[in-house]
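To start, the structure itself, in structure tokens.
Chain lettering (A, B, C, D and E) follows the sequence in which the chains are written, and residue indices restart at 1 in each chain.
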């Protein structure tokens, strides 16, 4: 299917040798790349058919999509690092926690801004918290890459172990620095409560998540499409020495990507911490399985896939929990299994060939 | 000698819109050595892949000894007697050279599921493996890990594995590419000896004309995925397709 | 003889516990095609990799235009104008042909004129421009690998067995392309097993055995002397 | 020498609780011995063991405490799962295990043996006191709990306690323990309660992180006239109650509520030493510490049988007033506190103001170990 | 004879041989050499974990399958024994039935999961197992009527295996009671299982697994049905893990999600395999011994350390016994640094 669309007509030259036989690809072949994008609306329609009350369906759908955005924010860094650099960073969860702690500490310092009933001030405070968290986790990511990840590029298993070790160390350092108690925090004043429309209620905070999630998605796509960075990293994972032999300083690019991934985790941490209104050193670790599921069904490393995967998970969770709470437990796993049966490489695989 | 062993009927594979192998029908007979030639990207390796089962056919059939194996898996076809060496080296990199060969013999003798005897106790396997390594002059390297071999030696091992497998149909994909001038004859010699063993069939993809001239009983030309010519070496070599599309202008630049 | 662009002086390289290169002395004169010949496993590839900095020389000097690059990081060596075609082709299978080429153009976007020139040498690259490089045929991969090195002008090309797996027609166009490179002023160090290609292209020759250069001279000398060939490579090359 | 082993989940997710519990225990020992840390001239040694919240490790450590260290009495642990695993060890070694603060009913219920005592409250005490606090004419209650034994038992006890009152449960909702998004659960509850007439309340039983209260509140349950209610919690968690001024429920401890000399000493000493008020599990730990000293002092020996005889029915003073080990199941009966939330500026958490002390007599706690 | 028992897979390093011998002797005579409840308990855990880790090594080191579901199989064995003992009453028949049922269930599960590895990439498979294992753990805690939920199950084992059973007085100061018998049951069963695994990895079958790990594509094309081999290996590995779980249940007489199903155990196993050296079997022995001793005694050691640095600002805080996890994490990282091929690999390289 790689040849489904030829950019240019075969060369005109007089060479008889190179004119491979081309036929038009079948409809299914041409539709295939778009299938994942259709899944979200399909799922929403299925939900609408299954759920009797429309206002309930609306609440569930909108808040499910918003939850998906939040998950996407947390997963984006992982898919970047996992997909581009082929590094399984179990420590990602710890970065989420650190982001939450730094961000929340910042918010506690800026209490007068968060408690003021002004949306502007509140958002400014959040911005400050996010920046602080991203700087902190970015810096931590830099150290993590240098000390922990660098020796294990290419070895998945060792990555799992070493980053797991890093996870424990970071969590413990959080406990040393912030103490073992969980920290409760209220969202900024203007972001508490919900907006109601058509009998459905949506937390205001989720709207913020939607905004940030969309912005992030677009920004990531632009960077990866418009620059060589994505290419360098993907090629570097496959054959690092060759990339260097072309003249790229692979190390620097790798560090940069890792820092970016970690900073995104920090952003996710602030968002998640404020959503939970309760932060613990383990919070990142607890959400990791969900994040992994999203990244995997997306197709390791694809930002689009991760985005769709997150939305699907958000919707699925809400629908199933509403229809049959008992099944909520396995809904994500079932979703993952189903998608992998359909597309063993995830919905939008980045890896095209062996 | 004239007994047909392997046959492909309208064998076709499409990658999206690209027809890489286009309705190739061809019959191979026991005891013959058939060279398959064609420009780069003509579909030779893909044709091999279809026969040995690495990729599923989009249409058409593969028949071995009268049995339709179009749907059979790779290992099943191997059991039935199709053996394959790869164009790009494809070995067990962290095992020793000897172990690589032993594994093949072990498979040939169907001992893979022996759970409770130690591998070391099967001396006969080791002996046979050493014999084969000796025949390709690789005995001195038997203790090396494959990843420590130079490229040319890996190519030789690739050939050795196929010989160890001893299938009914041998498929060589450019066996001498990257081999130095003094090594290539060793391998070609081996192939010639296989050919002398009249109950084996050999399919050989090669770009070196002199090799083909000296070994082949018959030449099949693939071009843009389709069968372009099939016949005795001399007449096929002289045909227009081959001259134009394949040979190009000979290296007359000296 | 012109100034050497690359010279190796007494280079020793170890890989793990093996002493692979054992004092390689070798020069590549500027503007020439130098052939590096030798049997399997004598260290040709290792020599190229040592120049690129993939393996590090334990001892000895590697001079590129007079600067010792024995300790220079690989990317810097590449940016000094060295193009490298590795033996295993180093294709990025997960990227498309286009992406492979875009990466290879280090200094900026691909120059369309140069791209078209490459298309004329290797037409299949044009056909499969946007498909995954991992799906190319063996010979097509080989073309891509060479094309990547040629996409920008370099001063020195290190090319490891470029003709393996190529059909005769493509070999002759490739030979033509290498000559054009030479005409543009580039120098080439070429490892080759196909002696007719070597003979057609080479100006100078270095023959390796056992981790050393055991003979060096002009191509004409070697090509005309069957006894010398027999002595150096264990076989007269003309017939093969 | 009197050896007391404190076997508890010092490290791991419940580390914060563990620390409170241990501080409380030490303060209790100190208070009961007037700072000498001696009982009748015998010095007390406290041996600490960390279960890391692993039940198997808990068993091994308890065995070690009794066997290798020859502890006379063991106190702990934090987690119910670990506690249940440890119970048979006490029986095997025929030594006392004083459970604090693990809450599962079955510790002094179906899995009980005669070597087990508990100073902490059990789930029934929580449930019954909350039922009393919430009950009233025409009260209709929906419940939300985690879908596992602890959550289901808690609701069952709550339902039982409501029997005979005018209140009634109209909907029970259970969600997986690790739920983070409560939209669906809330929606189900709203749908179920929408058409119910009366004084509608949503009672939440939740252990560990997750904080469903705030999230459900954000969905504006007042649209349907539903009020949220829940029991007390540690101080840090009480900050989330600030969104619920006026909410009622029942709690186990809040440092400003009990009015007795033990609590006064505790609050003062704790402020001094740790720079903050004592919390939930500090009070429990202290009750256990005092109980140990009292029991040994009254028995005049560390012999297990004599201790059991002394402790059955023993009454002693704790920060929560007088507690009594019930003879049948060795559960410490104690007061609980019906509260109403008040929000005050400058206090980090919401303050549960005492509405009524629910004394031992007010609380019909079922005996479940028969 | 000895070589034969080891299936011809000698330690290939004098130091390693010495260490292994020392471990064998220490475990064989643990109750006499290190009397004390804690130390015997540690010894028994070490025995059981050696088997568990070795069975994982069969999967990971020899077959190249990364699975996070190994504790699930371990748990099945343990729950098998527990449920059988609860329902059939205490007795050896219950132990046998429970063990076999657990192992059979584990094998069936392994078979089903292994079918997945057909379709998906290795790392995807790892994540699937992770998700399935966590779902099973939650399921076990939800099905409290059957499994005892979070609280787990406590049960009685045959009296002959408990301290209450005496069969003599004292030997070298050690009481001859059922606990001792229990220890030797664990020890001998573990030894037998370990030798069995050693034999399997050195059999022709084991070689095929290695080939598949190296290059499954090529293994298929020389005639090995990769799926069949992978599945068989997964099933064997799962069954042995279940046996280990059964032994564990017999030893601690309690099962519960935290004790036999938790992800922490999975991590421990992984760490043990990697520190010890993947694909060596002996690595399992070294890894298990090292890590369990660290886990059991690191805290004490650190307590001493913290005491020594009293007065220095942050140091005691970092060295406090409660921060032992921090140091374990650091150990994780360092060990992968300094023993990239594991301790066994390092010893075999010389140096």
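The definition used in the following text is that contacts are C-beta pairs under 8 Å (C-beta built on N, C-alpha and C of every residue); 3 or more make two chains touch, one makes a residue touch a chain.
From a predicted model like this one, the values you see are computed outputs, not experimental measurements.
Chains that touch both chain A and chain B are the following: C, E.
Touch-path distance (fewest steps) from chain A to chain D is 1.
For this pair, chain C with chain E, the centres built from the Cα atoms lie 52 Å apart.
One finds 34 Å separating the Cα centroids of chain A and chain E. With each centre defined as the average position of its C-alpha atoms, the distance from chain B to chain C rounds to 28 Å. Chain geometry summary: the mean Cα position of chain A and that of chain C are 43 Å apart. Each of the following residues of chain B touches two or more other chains: 15, 39, 41, 245-246, 248.
The set of chain E residues touching two or more other chains comprises 138, 142, 325. Shown for chain D are the residues in touch with two or more other chains, namely 15, 147, 176, 178. Within the complex formed with chain E, the residues of chain A that make contact are 88, 147-148, 151-152, 156-158, 160-162, 164-169, 171-173, 175-176, 289, 292-293, 296, 300, 329-330, 332-333, 336-337, 340-341, 344-346.
Listing the residues of chain A that touch chain D in their complex gives 53, 56, 59-60, 63-64, 67, 175, 179-186, 192-194, 196, 201, 203, 205, 275-278, 280, 282-283, 286-287, 314, 317-322, 325-326, 328-329. Interface residues of chain B facing chain C in the complex, by the touch rule stated above, are 15, 38-46, 87-88, 148-153, 156, 173-174, 177-185, 207, 209-210, 245-251, 253-254. On the side of chain D, the complex with chain A involves touching residues 13, 15-16, 19, 147, 173-176, 178-181, 183-185, 187-188, 191, 209-211, 214-215, 218-220, 223, 236-237, 239-240, 242-243. Residues 36-38, 41, 138, 141-142, 144, 149-152, 154, 162-163, 248, 252-254, 256-260, 262, 264, 299, 321-322, 324-325 of chain E are the ones touching chain D in the complex.
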